[in-house]
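Reviewing the structure listed below.
Per-chain residue numbering starts at 1, and chain names A, B, C and D are given in the order in which the chains are listed.
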Amino acid sequence: MINKQVSSAEEAINDIQDGDTIMLGGFGLCGIPENCIAALVKKGVKNLTCISNNAGVDDFGIGLMLHQKQVKKMISSYVGENEEFERQLLNGELEVELIPQGTLAFRCMAAGYGMPAIFTPAGIGTEVAIGKEIRNFNGKDYLLEKAFEANFAIVKAWKGDTDGNLVFKATARNFNTVMAMAGKITIAEVEELVEPGVLDPNQIHTPGIYVHRIFQGKQYEKRIEKKTTSV
Amino acid sequence: MLDKDGIARRIAQEIQNNYYVNLGIGIPTLVANHIPKHIQVCFQSENGLLGMGPYPKEEDVDPDLINAGKQTITMIPGASVFDSAMSFGMIHSQKIDLTILGAMEVSENGDIANWKIPGKMVKGMGGAMDLVASAKNIIVAMQHVNKAGESKLLPICDLPLTGIRCVKKIVTELAVLSILPEGGFKLLERAPGVSIETIKKATLGKLIIEGEIPEMAFD
Amino acid sequence: MINKQVSSAEEAINDIQDGDTIMLGGFGLCGIPENCIAALVKKGVKNLTCISNNAGVDDFGIGLMLHQKQVKKMISSYVGENEEFERQLLNGELEVELIPQGTLAFRCMAAGYGMPAIFTPAGIGTEVAIGKEIRNFNGKDYLLEKAFEANFAIVKAWKGDTDGNLVFKATARNFNTVMAMAGKITIAEVEELVEPGVLDPNQIHTPGIYVHRIFQGKQYEKRIEKKTTSV
Amino acid sequence: MLDKDGIARRIAQEIQNNYYVNLGIGIPTLVANHIPKHIQVCFQSENGLLGMGPYPKEEDVDPDLINAGKQTITMIPGASVFDSAMSFGMIHSQKIDLTILGAMEVSENGDIANWKIPGKMVKGMGGAMDLVASAKNIIVAMQHVNKAGESKLLPICDLPLTGIRCVKKIVTELAVLSILPEGGFKLLERAPGVSIETIKKATLGKLIIEGEIPEMAFD
């Protein structure tokens, strides 16, 4: 098999350049690649276009990159919970493209499946449809949406092996699997890195072929955005 | 006149046995508290979960297990996890029987606006445009009028749309109304103690009142 | 949760009618719904359109239905290994639509994802493209292929629970997952049926929402088409 | 002149370190036996497996574990299983570095015919049309001439096509040839003991011979 292991987040993201388009997995702060985000902040790479469902919070997740003004453009379905984001947006320092959450998922999936574009009903009759091709199938209108092209996809898994196979935990899976399939180069950080053969081949969420670099992350904070409990 | 929990309680009556249901943020979340014991129901959270349970006990909080509102939650036996693509795949292929969500405005032909107020900070549509574009059955849970006292049931929406011709029913603090295929809010039920006159005043869109309008019944 | 259990294959397929379009999971004889096929043969339902990657062998799998002349049309990527099939085809008793294997998978997936159609490069420049819409994206030609519409999908899983959640074993997964998502009514037979909560929610291949009826099958033969061994 | 195993042995030299490879039925299957030990390689089987291993021992035969040729096989450590959609997804998104398959005919512009002979029973294209429509690098393993002694390397294919302008290289019992972007079979190597004259006679399409043509080298 094919070993994808690298030693650290720094090595994994080393060739990400100013101006690159990167995908970042996660939903809210759940399942985000904490180690790679820290390394990107440290590296100080700028003018990034980030494709990610959300933009983090002020002092965590992609919010850390926004704080360093490393992001030129966000492509997301939901932003907010983030004052620095709002400030940069209103100042014109940051571009934002808001797209429906399913469209975000499907444009990733399309890239991973070699489909140049997909049809979705989401956004028909709204400003999302402006300038886009509409096509009717069986009496229902759909928008034509193009596959994403991203230089890098950065995902975070629960377990992984050195061949790049990934397993996710609970709802930390979210966009990570579809983004892993979509990156030209896919970087995976995992909580636990094991040898090939440890993970059950039946139970792998992302086959190693999609992963180009993998490393065991450290010191996961896993911050909770809205802690809700019952008695 | 109902409080938020009352709206949720009334909407819970719309949930039939064996329904898969997607609950939006806000009042819709409260609906889960009012499902009768004899009803089999499964809640979907569009970030990738079927079989969402109640909030966890303090010691069971798991940062890797949240709902689409980013709240920590639990899974019930029979739950399953999947990725965002499959989640919206099941939404688009109409496997979800009922979608309950909030709105800023609904028009008499079923258009809905619930994601953007021009001039204010825009947070995004999240999964709402996917849900309203695909759902077989959409119930809106909202206040009948906005904070300025203006009707949210309109001839046409003023705010940017989330989706068109999709809302089937509306439950407010004043009434239950269905949206007719040919357009118009058909009054079905009044909230306890609310007069038809009150509902008329609070409804700017075409209101259709036929025959006796019963009060909502709660067990 | 929502109980999908039925008592038997006979009950599960009871409302399949003459002229229905049904999907049948499996690749070759691997992962085929043996119990439901036997029940369909017993019921004698006719004029079926079967969407399945293969058509079984003379005396097993879909071959058993062909023998009873229950099949009007096969939509498959690869047939053969089947003399009765060949005889009926050459006699004009059977229609066959051969489509690329990826196209078969994607047309199922499209149905399961609510996509009315997908784009695929498979078949460009060949007779498969005749009469179909071709569209160029980024310099490459693609065919527009429509989502399947099937009244029933019949799949076979390794384990399942009464809520309809399915887990597949090894390469018996093949088309079963995408077909399960694509049927208007999906019927699953499983080798082992368990209570909800037994299967790990992280490790379910087909969430129960896609499955309308489930039962524990019996007497699986699991015939091997080409047994190859090494010393 | 090579036997089938010799063709497979020569093709094995084309496999580079870290390649994901899809092997077709027939001669391509034999390639797996000739991978040098120092090469990391992973074989995909399009019915839904990465990390295909050798045939099982008698006692390890599992009817649920087969390859795309329906043969019983094994998995190596690091293997993963997925469904047919993901399998063709990784093929279409060009994650497979090399595809090796057989052919009935190849044309000098890289068209390939390998699925149908008019007038004979048609078995279907299986996954071949997907593979040839998407692969970054396709090597054809075949006999240089058919059973009737006619060349299979043609100006244009006579048989119904599987895909167009896709074959990059051909290895036969006589020679290794690449297909030039502008068209034409460029002779790269001769099989041991085979003369250029023999290759010329067996090649009906445009054959390009430049400089000294070496014999294939085997370790």
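Rule of thumb we're sticking to: contacts are C-beta pairs under 8 Å (C-beta built on N, C-alpha and C of every residue); 3 or more make two chains touch, one makes a residue touch a chain.
Please read all numbers here as calculations on a predicted model, not as lab measurements.
When the interfaces A-B and B-C are ranked by C-beta pairs in contact, the top one is A-B. Each chain's centre was taken as the mean of its CA atoms, and the one lying most distant from chain B is D.
Separating the centre of chain C from that of chain D, both taken as means of CA atoms, is a distance of 29 Å. Look at where the CA atoms of chain B average out and do the same for chain C: the two points lie 36 Å apart. Averaged C-alpha coordinates give centres for chain A and chain C that are 33 Å from one another.
Counting only residues that touch two or more partner chains, chain C has 106, 113-115, 120-121, 168-170, 173, 201-202. Listed for chain D are residues 75, 81-82, 85, 88, 91-92, 134, each touching two or more other chains.
If you check each pair of chains against the touch rule, the ones that pass are A-B, A-C, A-D, B-C, C-D. Residues of chain D touching chain C in their complex: 45-49, 54-58, 61-73, 75, 81-85, 87-88, 91-92, 111, 121-130, 133-134, 160-165.
Residue ranges on chain C touching chain D, taken from their complex, read 27-31, 53, 76-80, 86, 89-90, 98-106, 108-109, 120-128, 158, 168-178, 205, 222-231. Touching chain A in their complex are the following residues of chain C: 106, 113-121, 137-138, 140, 142, 146, 167-170, 173, 201-203.
In the complex of the two chains, the chain A residues touching chain D come out as 1-3, 111-115, 161-163, 165, 181, 195-197, 201-202, 204, 207-210.
Within the complex, the chain D residues that touch chain A are 18, 20, 40-42, 44, 50-51, 75-82, 85-86, 88-96, 134.
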